[in-house]
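Both complexes below contain chain A, partnered by chain B and then by chain C.
== the complex of A and B ==
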């Protein structure tokens, strides 16, 4: 009975992410349009876009179509697996199946999918995009790892339900390390969800979508879907790590509060994306590197109990 | 008499090499010289007298004089003087000493002359094909007078390919174009990239050459050409329209009535407004700042509407005929234009304030795409690119035309030499354009729009005209001819010079800066190519093979 319940709630999480992700994308596009004095597409446009792409002819192009297909499937699968590990207004369905380290792994894997896609395309532009993506990953992933490890240091556990419950603030006295990491994550959040000013590896005007350039039709839909879902997943992760307040309330209330917080994050992402120009890869890497130094400082503070 | 003074300087130094000279006014000087002394004279003018190189023209003059003619145009900007140095070449052996080693900016013009007219620049170090397609047979020069305008050459070799230079060692080749989201027009840059750094580049453009000059010299008539000229460019078409009309007018000593001159000035500045607003938007788009892109285009829209009210078209105003203009500015339009300008000025101030304070944009544009004074001088760079490097040149002030001598405005210069300075120059020039239009509306007098022309225009006169387009000086060279059409008409669009500097501007820069560096010259490939887009028949789905497409385009309407 317990197993059935776990499976059911995992499926429920997956379904919610799949349903909600295009909606948030729609919100993002609508608000962007309003900022730009445009009318913008209807809120449900991303659903239509995905349906249209899914219904198109599946063209195999690029150097290694097998890898290309694999990367597209893996990308969405990874993100949906992550959905089962995220608490979304109620405890994560696969709570006992993995720990925070697994979450870090899966997040990295979703980045690796982009690398695979770029390598499979084999064009110069996708390769430049791939190398940029790689540099970004190397500089960016440690930030998240440091945040999660800091939480683990505070609580002495890598269990998901403890780490993703505001663990970074779990120090005695004022949570210095948590506050610093909150700042670091806010500053780098655009990069995690691959939006302007850090959409460097795809930069339409420079690299023509970079790693994704050989994708079209259903496989492009999968990648786009994964990207939309990532926005939700990273927001859920951010909420779990840094703004857990209200998650202990009874079910419908905690659930509503959770999605309100996610919406707030999406709004923030939109505003930042609409008011910034894209950074160059070297500028971005330097920025991430300095954030990493600060984050490591926070980790040291955490190990001394602050 | 500055023109005579310059001529005397040349005579003093070169004496017998100078065969004859025309001084049709104090602002034009045409010097006919011995071909053997051409290079030395150009070097003297360019280096010692510090003139700015404009362009070179080749001409098949065999039907008239039995010879070929070559001309190098220079501008003495501080003296308000445009100068052509011309030399006749023998018909059986049209060769001339290349000036491109002393005037590097002449490289393209000489290659074009070789392609189209078949005048061989002796000593040119880089004689690759520039304009003609790769498969075009050698020794076939379309601008020669014995070649009909719709001639299809025998022996077109489809298999022949353009040979690119060897990439430098350790570099990867990144093909940029012919189609790229930021180019919007076909042009191919072959970038040599080491990691993320651009180490060099080769350019292959002119992919859709339309042969407008040939048409003008063989099919069209004087008053058809302005309408064709403005189709050279989709953004600054009016500039070519006016420049051509003025070139013919100066050649035959005709002057448009004052009201027409004011209207030309107003339309040119309206065009500058819409072009600069468009460019600032595009530049923001290139660096990923789409909000400002959209806002800038929103602000621009009323300008397009007022242009439509005046001319019936958002673009392609069909403004000039020889000796005047075709559209009047009515009192209602005048009032509305004032309102549009007031609103534009207020909104543009907000944009400028936002951009000036934005650290993010400056980070992407400062120190990027550097073109310093040496490059400006050598390649003959013009417009905002030159003014952003501190070169105080502006044809509106230096070679006044239309009503620019009757209005008051500042020439904006900056000293950063980089993309950011070009952004600043263009943003500030918007205010100057608004100022100029307001003064024109104030000062415009009543009167006729055209001078009546009763006789045929005289034959064999030379006229040159320079107009400050939004991207720099647009220069037209006209020799009047028989059958109510010019004998030779040469167009030098601003991008023609500015594009030649791009390889130097992007060298040793990040690949990511390539697009904004290229964008910063506001490239207009169609101007350079003098080309037209092809529209396809809709409705029928058919896959065209390369042969079919080519046979379709080469059929020609005989």
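== the complex of A and C ==
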């Protein structure tokens, strides 16, 4: 019975992420176009894009195509595994397979796939993109880690269902640390989902997609799909950590509220992306470093119970 | 034809009739006999190599059966071996659980290193192996001895020198290169300072004690000192604290702790031949960890624990660990030479072990909820990381050796596209890189996870631990960055001029089977411990159960982890868990689904050259090499030091 529920809810999460991710991408493109006074593609255009890419010729430019294939498959796989670990309107399906630390490292692993892809392709441009992507990851990962560790310090547990349930606010008095971290996360969220102004590693106009420059056909489809799904996963993570309200309601209601919150977050990401210009890598790193200092301050507050 | 001798060793020394202590002495004797035999046979490099391998394997069999015996049926008793009883020179040996862990590590790493040496050492034209294999075996014998003797003074000194002097000879093996001699001299000086510091510490505890009892030979014995310690702690707290500070400095130098490690370790590791680098980094620096754990956690008997400021030492060790892991890794990020990069990472990874030990020490005396159990988790993490770091770092040094063997250089800037030429080495290097960066399903993740869990949950009792944990997680991303560079620019990327030329010259670059086998075995061990962490945790629990001195009993009783094949590991209150097999199953199934998805459009595949924005071919000077990676981060942390001195010609290419 329990096993059946786990499989069912995991499948449900995977299916929804796969179905919804291109739609969010469509919304993103449409709204960006509207803000920039263009008409924009129809909402379902990303679905067509993915389908078309799946049938296109697959050109492998690297010396080790096996590595390129491995990286492409693994990137979407990791994101889908993350979908099984996230509570999305109901308890996390794979709560018994890992905890919040695993989530941090899995998010890193999905980044590693892009890096390996860029390195295996072997073009100078993709290597520049790889280096930038890695630097961004170095600066970003600790921010997420601070948020999760703060939750774990407050609740004394790393379990997914505990941590991803507004745990950052679980202090005894006013949740100072939670409030500060909410601000930090809002300021850096754009970078986690690799959108403007922090899409430095892709930088279409200067690096031509960075690590993914050499990719075409089904592999590009997988990378693009993974990137779209990452937006959903990170939104779910953000909602779980910082916007837990309504998750305790009965099933269909909690589920609807969850997806409403995720949609709201995607809308916010879109608005920021459409109205900002890209930062340089050094500006971005300095920005994240100052956020990290603030976040560490919040963590110290958290260890003293605030 | 050598088989009977090998069997003879086993039957003579490893049989049922021997106590664990006798077996360790037997292993040391086998090593010393092996040293003599390989010296006599050193005219023929291959024969000497195989002899050394056989002797090493024989000791490993003896040691592993001893370790199994101790872990399963508990420790034996302290045993005395009179060497020259007339002057009180009596070797006292004791094998308990903590010793067993380090003996196991030495045995597990030495066999692959010895096998790898056979083919590797043939490349050194103009250097005799008479100055390699005998020293290798003596070095191994000394490590077995150092972790088993209970003498804190004379036999400590003898084994320490027996480890240091052959180590010195091995580091300066390529003595025609003056920089290797400088590196070896640095190593020698630092080790002598460490030796002096530790011996002065022991002297302080033994001589100024309220009751400097015991016969001349046993005055410096671990048990005598331990028995005196409660009186010492209450009457002379300053002298005792000074002694412990000296232990921390002495063993800190040995293990490469900040700031001492930076003096010798990054020079010494790359100078030695690769299998020795693997032994230095995988095993030798761990003897410092052993000393730290043994003296800080096992020395103080329950009667003296009230006066012993363990929490303060814990804070110091955890702080030093955090500084060590950050500085070591950040300096490693700047390196462009394979083995130098790995050496700096040894400092970084020792930082994790120190942090785990520090967490344990600061939580043990704490009154907070579950502090004892969390302390035990911290020690589990540290001990597991000792084992895991031994495995993956030895593998990485062997990989670096294979790369050196194939390309003739340690310079990452000159490498590229090696995976096409040496696929098996590339896969093992990837496993090792993933392990050290803490990717789930590899062993490094398990031990880092354990340390994080202990540190974060221990924050309730010791406020500073959460910040240390976050710095450790941040450093893990730095480690990943460094190994993405290490693996990416050497095995992936595109073939450099050098690699293409070497491949054309030699026909093939992949190394022979006797160098492959150790790499593959170590890689499999990394995966096995990562996928079934229950093995590691059970081992450590058994090790703690089999050690009774000092805080050993308290730690063993905490038994904080539940383990199982499918259930993975789970902390005592189920507040953190990791079930790698379930996770691997889900990942594997989804991988197949995604692979199927990519085949849906039945797209055709074609190989083509990468697009170079209009240029026809790529010159070597336009390659994005190791030097170019992470420029911004390197610039921000320039003040931290460790910038590589530029090898001639390299700057000209890039500017």
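The rule we apply is simple: the second predicted complex is superposed on the first by the 305 of 306 C-alpha atoms of A that agree within 3 Å, B and C clash if a C-alpha of one lies under 4 Å from a C-alpha of the other, contacts with A are read in each partner's own complex, and residues count from 1 in each chain.
One rule holds in what follows: a contact is a pair of C-beta atoms (placed from the backbone, for glycine too) under 8 Å apart; a residue touches a chain by one contact, two chains touch by 3 or more.
In this text, all values refer to a predicted model and were calculated from it rather than measured experimentally.
By the touch criterion defined above, A:281 reaches both chain B and chain C. Contacts of A:128 after superposition on the shared chain: both chain B and chain C are touched. With both structures placed on the common chain, the touch criterion links A:35 to chain B but leaves chain C unconnected.
Between chain B and chain C, C touches the greater number of residues of chain A. Residue contacts after overlaying the shared chain place A:51 against chain C, while chain B stays out of touching range.
In the superposition on chain A, A:149 contacts chain C only, with no contact to chain B. Once chain A of one complex is fitted onto chain A of the other, the partner contacts of A:22 are absent, as it touches neither chain B nor chain C. In the superposed model, A:217 lies in contact with chain C only, and not with chain B. Once the two complexes are overlaid on the shared chain, A:166 sits clear of chain B and of chain C alike. Overlap of the chain B and chain C interfaces on chain A comprises residues 124-125, 128, 131, 281-282.
Here chain A touches chain C in the complex through residues 10, 14, 51, 53-65, 67, 72-74, 76-78, 80-81, 84, 94, 96-99, 101-102, 104-106, 108-109, 112, 115-116, 119-128, 130-131, 134-135, 137-138, 141-142, 145-146, 149-150, 152-153, 156-159, 213-214, 217-219, 221-222, 281-282, 285, 289, 292, 296, 299-300, 302-304, going by the rule given at the top.
Per the touch definition, chain A reaches chain B in the complex via residues 32, 35-38, 124-125, 128, 131, 196-197, 199-200, 203-206, 208, 274-283.
Taken together, the chain B residues at the contact with chain A in this complex read 172-175, 180-182, 193, 196, 284-291, 293-295, 298, 358, 360-361, 363-364, 510-515. By the touch rule above, chain C contacts chain A in their complex via residues 416-417, 419-420, 423, 426, 438-440, 445, 449, 452-453, 456-457, 459-460, 463-467, 469-470, 473-474, 477-478, 480-481, 484, 487-489, 491-495, 568, 573-579, 582-583, 586-587, 590-591, 593-595, 597-613, 618, 622-624, 628-633, 636.
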